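Heads up, there are several structures right after this.
Okay, so chain A shows up in both of these, paired with chain B first and chain C after.
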Partner chain A sequence: MKTYSAQAQERFSAFFMLFPTFFVIISFYFYPALYNLELSFTDMEFTQLRTGGDWVGFENYIEFFTSNDSFNVAFNTVFWLTAVSVTLRLFLGLLFALLLNSKMLSSLKLSTLSRLFLLVPWATPPVVSVIAWRWMLEPIGGPVNEFLLYTGIISEAISFTADLATVWPTIVTIMVWNTTPLVAVSLLASLQTIPDDQIEAASLDGATRWQQFRFVTLPYLMPTLSVLCLMSIIWTFNNFIYVWLTTLAGPGTYTNVMATEVYMKAFVDLRLGYSSAVGVSMAIILAAFGALYFRVVGLSRMQDKVG
Partner chain B sequence: MVDHPAKKPPSRPIEGGLIVLAFALFALFMVAPAYYVFKGSFQSLSISIASGSAGWTLKNYFYIFSEGYHIYVINSFLVCLTATALACAISLFAAYALSRFRFRGRGLVFGAIMGGQLFPWIILINPIFILFARNGLVNSHLSMIFIYTAVITPFSVYLLVGYLTTIPKSLDEAAIMDGASRFKIVTQIIMPLIMPGLVATATYGFLQAWSEYLLALTLLSDESKKTLPLGLYQYFGEDTVNWGALMAGSAIATLPTLLLFLPLQKKLVSGLTQGAVK
Partner chain C sequence: MLEKSLKLALAGLLLSSTVSMAAEINLQFRFNDPQHKEMRMALDEFEAANPGIKVDLKRIAWKDARDQLIRESAVGQGPDVVHSAFVWVQEFAQSGSLIPLEKLVGYSPFKHGFEDFVANDLTYFEGKPYGVPWTADTWSMIYNNNVMREAGITSKPTTWDEVLAASRIIKEKTGKIGYSFIGGVPESAFMVNYFLWSNGSTIVDDDGKGGFKIGTTKEQLVEAMEYYKTYLDEGLVPKSILSQSTAHDPSGLQPILDDKQAMAIVPIAVIRGLVEGYKASHPDKPMALDTGLTPQGRTKGLTHLGGRTLVINSATKHPKEAWLLLKHLISPAIMTKYYGNQMPATKSGLAAIKFASHEQGFANQFANHTRSWGPYSRGPAPIGQIRNVLARSFAAAISGQKSPEDAAESILKDIARMMDK
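After this line comes the complex of A and B, so read on.
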C-alpha cells in the first residue's frame, strides 16, 4: 500500500466511512423525494401502480389550491396543529422548567420526583398517548367525565372526540402532553447554566421577580427556545399520527390536516398523483422553516462542532 | 424537618402555596393518563363501571396474548433492534469521518444529513410504497429494517458527532504513528471510548423505531408482519372499543421505552441540546 500517498489514503477512508450513510440518505430520502415530485405532475391512481400515470402538468396543484376543502385543511394545519400546539408546548415547557428549577421544590425534596413525572409522557409512544387520553376522555367510564359529572360541573357526559367544540382542544392536549417534557427538560438544562450571581446581582439592584425573569433568565434561554420553537414547528407541521389516531381526521373531515390529507388521498381515495402534489406543497412550506432553522442553529456553528 | 436553617427559602407563604399547587397540577397532568391506563389494564372494565371498583385481574393480558399480541412484540423487537444496530454502525463511521477528515463539500454532507433529521416522512410514503410494491418489498421485515435504519441514521450521526468532539484527536494521531488504519482506530480505540454516547444514541434510535406508526401502516398489511403500534391500535374496533385489551397492550408497549428512558435521560438531554446550549 506504499504506492498511495498518505493523503490519498485518508481520502479513501473518508469515502468508505461516509458511503453507507450517504447511500441510505440518497436511496431513502433524495431519490423518493424526487420521484414524489415527478408523481405530483401525473394522474397516477392505485390501479396504475405498475404502468404509472399520465403527465397532467400543474392540474393537481391547481385542484389543491382552488378546492374549498383545502382552505379548511390549511387552516387546521397552520392554526390548530401547529400554532396552537407549539405555543402551548413552549409556554407549558417553560413553566414546568421554571417550576422544576425553583428552590422551593428542591427544599421540599420534590425535584427528583418531578423529573421522574416528566419522564412518563416522554417515554410514552404516541400511539399509547392517544389511547391513554381517549380513555381519559371517554364518555362512558372515562375519568375526566366521571369527575366532571361527580362534581356537578356538567350534567351530561361530553363526547370529546365527537363534539366539534372539543375535538381540536382534545388533539392539542394529547400532543402537548406527549411532547412538552422534551421542551421542559431542554429548558431546565439551560436554566441550570445561568450563574446564580447574575440573579443575585439583579435582585440587589432592586429588580422585581418579573424583571429578573425578563432581563436575566429569558435572554439566557433565548437560543434554546428558538431552536426548540423551530424544531417543534417542523416536526408538528407534518405530523400525522395524533390526528389520525385520535379522530381519523373526523368527524367527517373536520380535523383533516395536510399530513392526513396526503395519506387519505393516496390510500383511501387511491389518487397517488394528487396526494403527491399535496405532499410537495407541504414540503415547500417546510423548506422555508428548514432554511430558517439552519440560519438560527447556524451552519457555521455546526461547522465549529465538526471541527 | 429543615436541618439547615441557612438554606431555608425566604418565607413567602403565598408563593410557597402557589408552587405546591402548581406542582400538584403538574404531577396530575403528567401522570394521570399513564396511571389510569396501567390501572385499567389490570381490571375487568365491565365490572368496574358497574360497581365503581373491581379486583385485580390478568384477564386483559391473557386475552391479548391469546389473540397473538406476542407476534407484534417479537416483530417490533426484531425490526427495531436490527435497524438500530445497523444505523449505529454506519453512523459511527460517518460521524468519525465528519469529525476527523477535512475535505471539500464536508459542510454540504453534514447539512444533507441534518436535513434528513428534519425531513417530513409523510411526503415519502407514496414513492416508497410504489417503489416497494413494484419490487415485492411490501409486507417484509427486511424492508422495514432498511427504512427504520434510514429514519434513525441522521439523528444518530448528529449525536455521535457531538460525542466524538469530546475525544482528543491526538489519540488518533498517536495510533496512526503506530501504523493503525483508520478503520482499526474507529473499532478499537474510538468505539470503547464513546461507548456511553453510543449506547445513548442506540437507545434514542430504538425508541424512534419502536413508536413509528406511519411507515408501518403504509408498508405492512399482513397480520403476521405487523409491528406493535399497528397491532395495538387494532383494538379500536369499527363499532366497539376493547378498552381492556388496549390498556394491557399499551402497558406492554410502554414498558421497554420506560425502562430505557430511566437510566439514560440525563445523557439524552445533553445530547439533544448540545446544538442549542453552548
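After this line comes the complex of A and C, so read on.
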C-alpha cells in the first residue's frame, strides 16, 4: 500500500512537473494543428479571416492530388530537395569527419583550423547564405561568372538561378554548403569515441583500410548516421527557406516544393483552405515516413548497438 | 525635507510624462516606394503643422504590402495610413481591412471632391470610397537611341513584330539586347496583358449582362507566350530575365544605362530614375533615352492605368488624425516637393503637368493608350490571384518548363475556377 502510494505520488509529481510542457504543446501545437485540419476542409481565403470560409469537404485534397502541377511539386520535394541534398550532405559530412579525424591533419597541425573553417558555413544563417550565394552567382558582376568568363571557361554568363539546367543544382549546392558542417561535426564526435585498439586489432588481423572502415568504423557510426539521416530528411522535406529565397519557386513553378506550395497558396494566392490541405498532406507523408524509418532502419540499428 | 522634495519632484516628473504621453498621438504610415527620406521630410512638415501628432514611417516591399495589411488588420494591428496599389483597395475593403472614407471627409473635405481623382472606380466598394488615389501612372516604351543608332535602326518600331525584327537586327549587328522584358513573377503578368490587350483580348471581361467572363482564348494566350518565348529561344535576351520579378530590378535596368539594351516597357518612376541615372553616368553625352508608345498588335497598344492610393486601416485608433495625415500627403505641394518622380492622381493635377521632351512618348501613352483594370478588379476572381496565375504560367512557358499550350490551358482552368467561386 505504501509502495503504491509512493508510486502515485511519484506519478503525480511527474505529471505536475510535465504539465507546463503539455500545456505549451497542446496550446501551441495541437490546437493550431487541429485548426489547420479544419481549415483544410473549407474554401477559406485570406480576405475571409473575419467571416470564415465554407465547408467544401475533400475538394482541396482532390484538387491537390489531381492537379497537373502536383507531380512536379512531389518530385521536386522528394528527389531534388530531399533525396539528392540529404545524400550529398551525409556523404560529404562523413568525408569531412573522416578527414578531420585523420592523423594527416593532426600531423600538419591543421586540425583546429580546419574545424574552425568547417563551422563557418554552419554558423552562417540560411538567409545570409542564400543572399551571399545569389550575389556570387549573379549573371552580371557576380564573382563566379566573372571568374568563369575571365578564364575563358564560358563565353556567356550563366543565369544559375533562372536556367532550368542549373537552378536545382544551385539550390542543392547552397543547402549542402550551409548544412553539411552539422553532419560532419556530429560524425566527428562519434568517430572520436571509437577505441583505437579496435582499429589496431583489425589492422593486425590484416584488414585493409576499406575493410577497417566498412567493418569497424561504419558500424560505430550507424546510430549517429541513422538519426542524422532521419532528422535531415524531416528537416529538408519541410524546408522552405532555401528554395523560396533563391528562386521564389521559379522560374515559373519549376522549383516549387511542398513547403513553398503551402506558403505560396496561403500567403501569395491567399487560399488558406487549399494551403492547409497541402500542409496536412505533408504532415501525413512525414509521419508515415518517420514511422517506417524507425521501424525498418533507425530503431533496429540503435537497439542492436545498445543491446 | 530632502526626501520630501525628491518625492515631490519624482511625482511631478511622472505626472508631466503621463500628461505628455496622453496628449501625444502616435500614427504609423507605411510607405512602399524608395523615396523614404523625402517622405520623412513630408511627415516632419505634418508633425510641425499638427503639434501633438507624431508619425512613424514604416517601410515594406511592394510585393509583400498587400498580404501584410490583410494579415495585420484582421488581428487589429498595422499602420494607420497605408500605401496601396489601386487594384488592392476593393480586396482590402472586402476583407474588412479599411475604414470607409465618407465618414472622415467631414473632418476636412477635398477642394474638388472625390470626383477630381482618376481611377475612382477602383477605390469604391459597394458604393463607398475606401481609398484616395495618390499617384497615377502607366507603363510605356523606353528607348536607348544610342543602341538603336549603332544597329542602324532609324525609326522606332511600332508593332510587336517590328520590335522583334529590330531586336534581331540589334543582336546581329551589335551583339546587344534589343527589347527585353520581365520574365519572373509577378510583374511579367503585365507583359502578357499588354500583348493580349493590343490584340483585342483580355483575361477578364464584362459579359454584357452584368456579369463577367473570360475574355481570351487558348490560342490567344499561346500566341502571347510564343511571342515572348522567341526572344529566349533565339538568345535575344539573357535567361536572367526569368528571375527578374519587377520593373525596378536593377539587373533589368543596368543594360539600358550602359548602352547595352535598346528597348523595354517600364513605368514612369523607372523612366525618370533611368534618365537621372543616365545623366549621372554619362555627364558629357547627350541624353540617349527617349519614350514611346507600347507596340500595337491587331489593335492599338494599351497599358494599364495604375497608381498608388492611400487607405486607412480599420484597426486605427485615430481615424481623424489618420485622415488629416492622408490629406496632408496628397496635397499638391507635398507631391511636388517630396514625391516628384510620380504624377498626381487628380484630373486638375495631371492637366497641369509639363512633360519633358524625352517623356512625350509616355505622355501620349498615358493620355490615349491606357485602360483601367476595370473588370479584373470588379469581377469575382481576386486580381492578385489572376496576376499570380498568369505570371507563373507565363514564366513556365517561356522558360521551357511547360509548353505554351499546357500553360495556356492551366491559366484558363485556374481563372475559370476563381470566377466560378
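Here is the rule we use: the second predicted complex is superposed on the first by the 272 of 307 C-alpha atoms of A that agree within 3 Å, B and C clash if a C-alpha of one lies under 4 Å from a C-alpha of the other, contacts with A are read in each partner's own complex, and residues count from 1 in each chain.
Throughout what follows, contacts are C-beta pairs under 8 Å (C-beta built on N, C-alpha and C of every residue); 3 or more make two chains touch, one makes a residue touch a chain.
Everything quoted here is computed from the prediction, not taken from an experiment.
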First (chain B), second (chain C), both or neither touched by A:E10: first
Partner chain(s) touched by A:A157 [first = chain B, second = chain C, both, neither]: second
Partner chain(s) touched by A:I140 [first = chain B, second = chain C, both, neither]: both
Which superposed partner A:L228 touches (first chain B, second chain C, both, neither): first
First (chain B), second (chain C), both or neither touched by A:F213: neither
Touching partner for A:Y61 - first (chain B), second (chain C), both, neither: neither
Per-residue touch tally on chain A - higher for chain B or for chain C: B
Chain B versus chain C as contact partner of A:A283, first or second or both or neither: first
Contacts of A:R50 with chain B and chain C, given as first, second, both or neither: both
Footprint overlap on chain A, comparing chain B with chain C: 49-50, 138, 140, 267
Chain A-touching residues of chain C, taken from the complex the two chains share: 67, 70-71, 74, 91, 94-96, 183-185, 238-243, 245, 251, 254, 382, 384-385, 388-389, 392-397, 399-402, 406-407, 410, 421
Chain A partner contacts - residues on chain B that touch it in the complex: 2, 7-9, 15-16, 19-20, 22-23, 26-27, 29-34, 36-37, 40, 45, 48-49, 89-91, 93-94, 96-103, 106-107, 109-116, 118-131, 133-134, 146-147, 149-150, 153-154, 157, 161-162, 165, 181-183, 186, 207, 210-211, 213-214, 218, 229, 232-233, 243, 246-247, 250, 253-254, 257-258, 260-262, 265, 269-270, 272-278
Contacting residues of chain A [partner chain C, same complex]: 43, 45-50, 68-69, 138-140, 157, 159, 161-164, 247-248, 250-254, 264, 267-271
Complex contact set, residues of chain A against chain B: 10-11, 13-14, 16-18, 20-22, 24-25, 27-29, 31-33, 35-36, 39, 49-50, 95-96, 99, 102-105, 107-108, 110, 114-115, 117-129, 131-133, 135-136, 138, 140-141, 143, 177, 181-182, 185-186, 189-190, 193, 223-224, 227-228, 231, 234-235, 237-238, 240-241, 245, 259, 262-263, 266-267, 272, 275-276, 279-280, 282-283, 286, 290, 293-294, 297, 299, 301-303, 305-307
